[in-house]
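Multiple structures are listed underneath, in structure tokens.
Same chain, two partners: chain A is paired with chain B first, then with chain C.
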Partner chain A sequence: MRTRGAGRARWLVPTVFWVVVLVVWEFSSGGNVVSRLFFPPPSAIASTFVRQMRNGEMLGHLKLTMTRLALGFAIGGSTGLLLGLWMGWSRTAREIASPVLAALHPLPKLSLLPLLLVVFGLGEQSKVVVIALSAFFPMLINAMAGVRQIDDLTWEVAEHYHARGMTLLRRVILPGSLPMVLAGAQLALNSGLTVTVAVELLSAQKGLGATLWLAWQTLRTTELYATLFVIAVLGVLTNAVLGLLSRVLIPWRAKGEHDEYA
Partner chain B sequence: MRLKTSTRCMGILAALLAPVLLVSCSGGGLFGKAAPTPAPVTIRLGLLPFVSNTVVQIGIDEGFFAEQGLIVEKTIFKSLSEVFPALASGQIDVATPGSIPALFNLMASGVRVKMVMSLTQHVEAPCSYVALLARKEDVDSGKYADLASWKDARFMSVIGLTGTEAYFLSEALESVGLTIDDLQMEQGPREVHAEALRAGQVDIIFELEPWVTRAQSEGDISVLAPLEPYAPGLQGSTIVYGAKLLDDTDAGTRFAVAYLKAARQYAQGATPRNVEIAAAFSGQDAEFIKKLCWSYVPTDGSLNVPSLMAYQQWMYERGDIDRVMKEDEFIDVRFAKEAVRILDGKDE
Partner chain C sequence: MVALLRITDLAKAYTSPRGDVPALAGMFLEVRGDEFVCVVGPSGCGKSTLLRLVAGLSEPTEGKVSYMNWTQAPRRAMVFQDPGLFPWLSVLDNVAFGLETQGVARDERRDRARELLKRMGLESFAQHYPHELSGGMRQKAAIARALVVEPDILLMDEPFRALDAQTRLILQEELLRLVEERPLMVLFVTHDIEEAILLGDRVVVLSGRPAHVLTEVIVPLGRPRHLTEGSHPEIEELRWRIWSLLKPEMSLAPGPRGGGA
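Now for the complex of A and B:
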């Protein structure tokens, strides 16, 4: 009974808080304090959102953005994962690649877009490459750190049992680094989503970023907020999926630790 | 000294012409005295890093604003989407936006922002400020000479199918029964247009100066069609005032006087001094600036109202703006008219 009450309170406080925020926003928009143009009331944003969902406009943009993100994440994430695991396991690989990666990692990936447009063309390839680059580094760094934090005793046991190659990878490296790899995947997805939207802002005619751009070009701020809302929901959903994946793949972790993904 | 002169002047004639004298002595007109320095007013100015904005920079560098007792605080914005919130919230008082739908929607929303003077107008000239470019061999062979053939070409512009770029194309295509929706349009940053054209990724690119000149610099790209003839006199960009200057007629007029003096200097073209200011302002090489087609900026500040109304109607039909405004809702010509009167009076 006490637990049920505590659970209810856990949801009640934030819900009431956000309802109050929305109500205050709704009634103050258009007054002297809050500009209706730049901060339209939530009801107007909701109305725009419903209209865009009904006519399929928003879903079309969402689908395109998700496709770009998925492709970029799959390419960049998987490459980063493999290289990261290898660099975590092999000192030689680390010594060869680390200086180059340290130099490339801080480069703003978006600044490469014009060059990539020239090299890969104006279509989807150049956009996906930038997104892949943004997903590559967080995944690589976390995968490498994940392997390196596996304790010495585990390595010694593996050596004692002559674990090599795929056995070592399957039994030691992957399970040992998985929590960090999943954290890297979360960072890579969030970074990928941010860059996907930014790339679309700069060079796409369709997609959520392109919708944001058009909203600014026409100063239709309800469309701007409706799109931002969809992007935020997309971010929450991708993190929730990772949280679910975390529960399935690393069930030995404490229950609360999975919440970081949700 | 000025105070002493004013007092004597008033003492002699006050009884007869007091009301007139008050005006005359304070203005200095009756005895040819210099006007008293007006009270300093700080103007927060939002500029864009385009060569056309050199006009305003001339006003700053040549001291025209200072002459009017205006202290200009300049902010250079990277894009128009940053300008409008700053203007609407009163963080800047004057801006130089291009004629994009957002500007019209901003003004139609009731925010106190109005167009007061012209910056650039796209008029026909020996050189083209706004043009479609294509590979030289295609231009020479006449491949896209027939506008109907544009349907099969791949276009590229910065802003896709909105704004003045789309309007120019729309007006051009109307003569052959096409619309801009019939075009294959790619959107991408200006920096890659020429390379995309050279690499055969697109066939026709839309450019404004300085990109028209830059794209042609290697000799393999040429002007396919100047776009000015398709929407003659189209108002490309304007000087807009926010609430502060719209409500302060004196400061607004002083700004207009300084701006028009600058516009008159800019209209002299690529003089060494103008080139020097433009190069410093835009960060371009002076030799390159000399080659550019200088935009047309009316020296009386007059706006091309019919072009704005026609463009507004087109944007409305495209669904880019929420409503068509009446002229007096978004245009205020008081400042330009008064500034011209003051300047031309002095010039005479």
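Now for the complex of A and C:
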């Protein structure tokens, strides 16, 4: 009985705590202590959110942001994956590419935006390229590390049975690196989302980041909070999808060995 | 003409920053195509190196490994100390791996792998992942992976080292049964003198590093062999003879070669 009680309290206490926080926030907002401009009551944020969802405004921005993120992730992630696998497998490839990577990797990708604006113009291209760059590096580095951590015995067995070409790729390199590749995909998505929002703050007319900027300029803080909420949900959802994906794609890992993504 | 594996003046040295470390030097050995030969030697003497050279996983510094009187180049398959199964493949696909790399079609290689698993009593685990198996079953699957390619030479590098005594005995019997079903050459490296005598037709005793052949002993047991049939007095005697040869080679033991000064 005692453990059952403790099990219930595990979700009960945090829930009660945060409900109390919301209630205190709701009723103190607009008073002498809590500024209504900085911390509008949750009910006002919720009604702004509902209004924006109803008139389709929020969904339009969300769709645009997700499209940019998806495009950038697809381009940067896939090239990073291919190059990373190749660099993990071939020492020559590593020796050729690593000086360039060592120089470019520490550079904040966002700092390339002005240059990319000059090259690709103000349109979507420059945005997608900088998002792709931000997804490229984490993917590449994890894919490379993923191949390199495949243990010696596995390589030896593959060599002993003369595995090469597609068989080697399909049976050894891809599955052996998959756990780290998925971790890399998560890093790439997170850094992609960060850069997407940042780019939209700086140079977009539409999208969640642009909405944030507009809301600040017009001091509509309920819109600010509502947009932040949507961005947070987007972030949580992408991580949850990847967590699920890793469970489906890596069934050979012993129970409890899965990394916690969500 | 008898098919032979002939090892001539074989030497292998590993390079290290503090100079070359010889593992093998001046090794001569001949093994018949249907012989089960066990190789014993002090730990770290280069037994595994010998197998790796025969397997073609590493190149000798000097000397050569040659094959005489085979109708075609003999197929070699190695069973490693750790099973080395791919954790991401089912037992069935692990066993079929050697066939897959040979380009055998999917259905055929699965049939052949399943057939072998059945003979080894593992068929109900065909779809399991290696981590769902016990250590003994894993090593058994690794043996199946080597046997499925129907090798002419089976190379085994202390395959039962990590197993408990009972499991080891079961797998030893199993191995004898499999080998006696279809004659092939087995080169079995072990540090366990008793295991070497129980399994081998012949026991090759290696010196300490750099390893060469000290002596060879014929095991006076026939085939088919049953390990659980009770003890054999001649085995006891043989065991002590091999031990007395090995002991001075151990760097821990007092004696002319060791640290007994």
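In this section, the second predicted complex is superposed on the first by the 246 of 262 C-alpha atoms of A that agree within 3 Å, B and C clash if a C-alpha of one lies under 4 Å from a C-alpha of the other, contacts with A are read in each partner's own complex, and residues count from 1 in each chain.
Please note the rule applied: a contact is a pair of C-beta atoms (placed from the backbone, for glycine too) under 8 Å apart; a residue touches a chain by one contact, two chains touch by 3 or more.
None of these values were measured; they are calculated from a predicted model.
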Once the shared chain is lined up, is A:Ala102 touching chain B (first), chain C (second), both, or neither of them? neither
Look at A:Leu113 in the shared chain and tell me whether it touches chain B only, chain C only, both, or neither; answer first, second, both or neither. first
Based on the superposed arrangement, let me know which partner A:Leu153 touches: chain B (first), chain C (second), both, or neither? second
With both complexes overlaid on chain A, does A:Tyr161 touch chain B (first), chain C (second), both or neither? second
Quick check on the superposed pair: does A:Trp252 touch chain B, chain C, both, or neither? Answer first, second, both or neither. second
Which partner chains sit in contact with A:Arg220 here, chain B, chain C, both or neither? Use first/second/both/neither. first
In the complex, chain B touches chain A at residues 81, 84-85, 88-89, 100-103, 105-106, 109, 111, 156, 159-163, 185-189, 191-192, 195-196, 199, 201-202, 320-321
Per the touch rule above, chain A residues touching chain B in the complex are 35-38, 113-114, 117-118, 121-122, 202-205, 210, 214, 216-220
The answer for chain C against chain A in the complex is residues 55, 57, 77-78, 80, 82, 84, 86-89, 97-98, 100-102, 129-131, 149
Applying the document's contact rule, which stretches of chain A touch chain C when the two form their complex? 153-154, 156-157, 159-164, 167, 171-172, 175-176, 178, 250-254
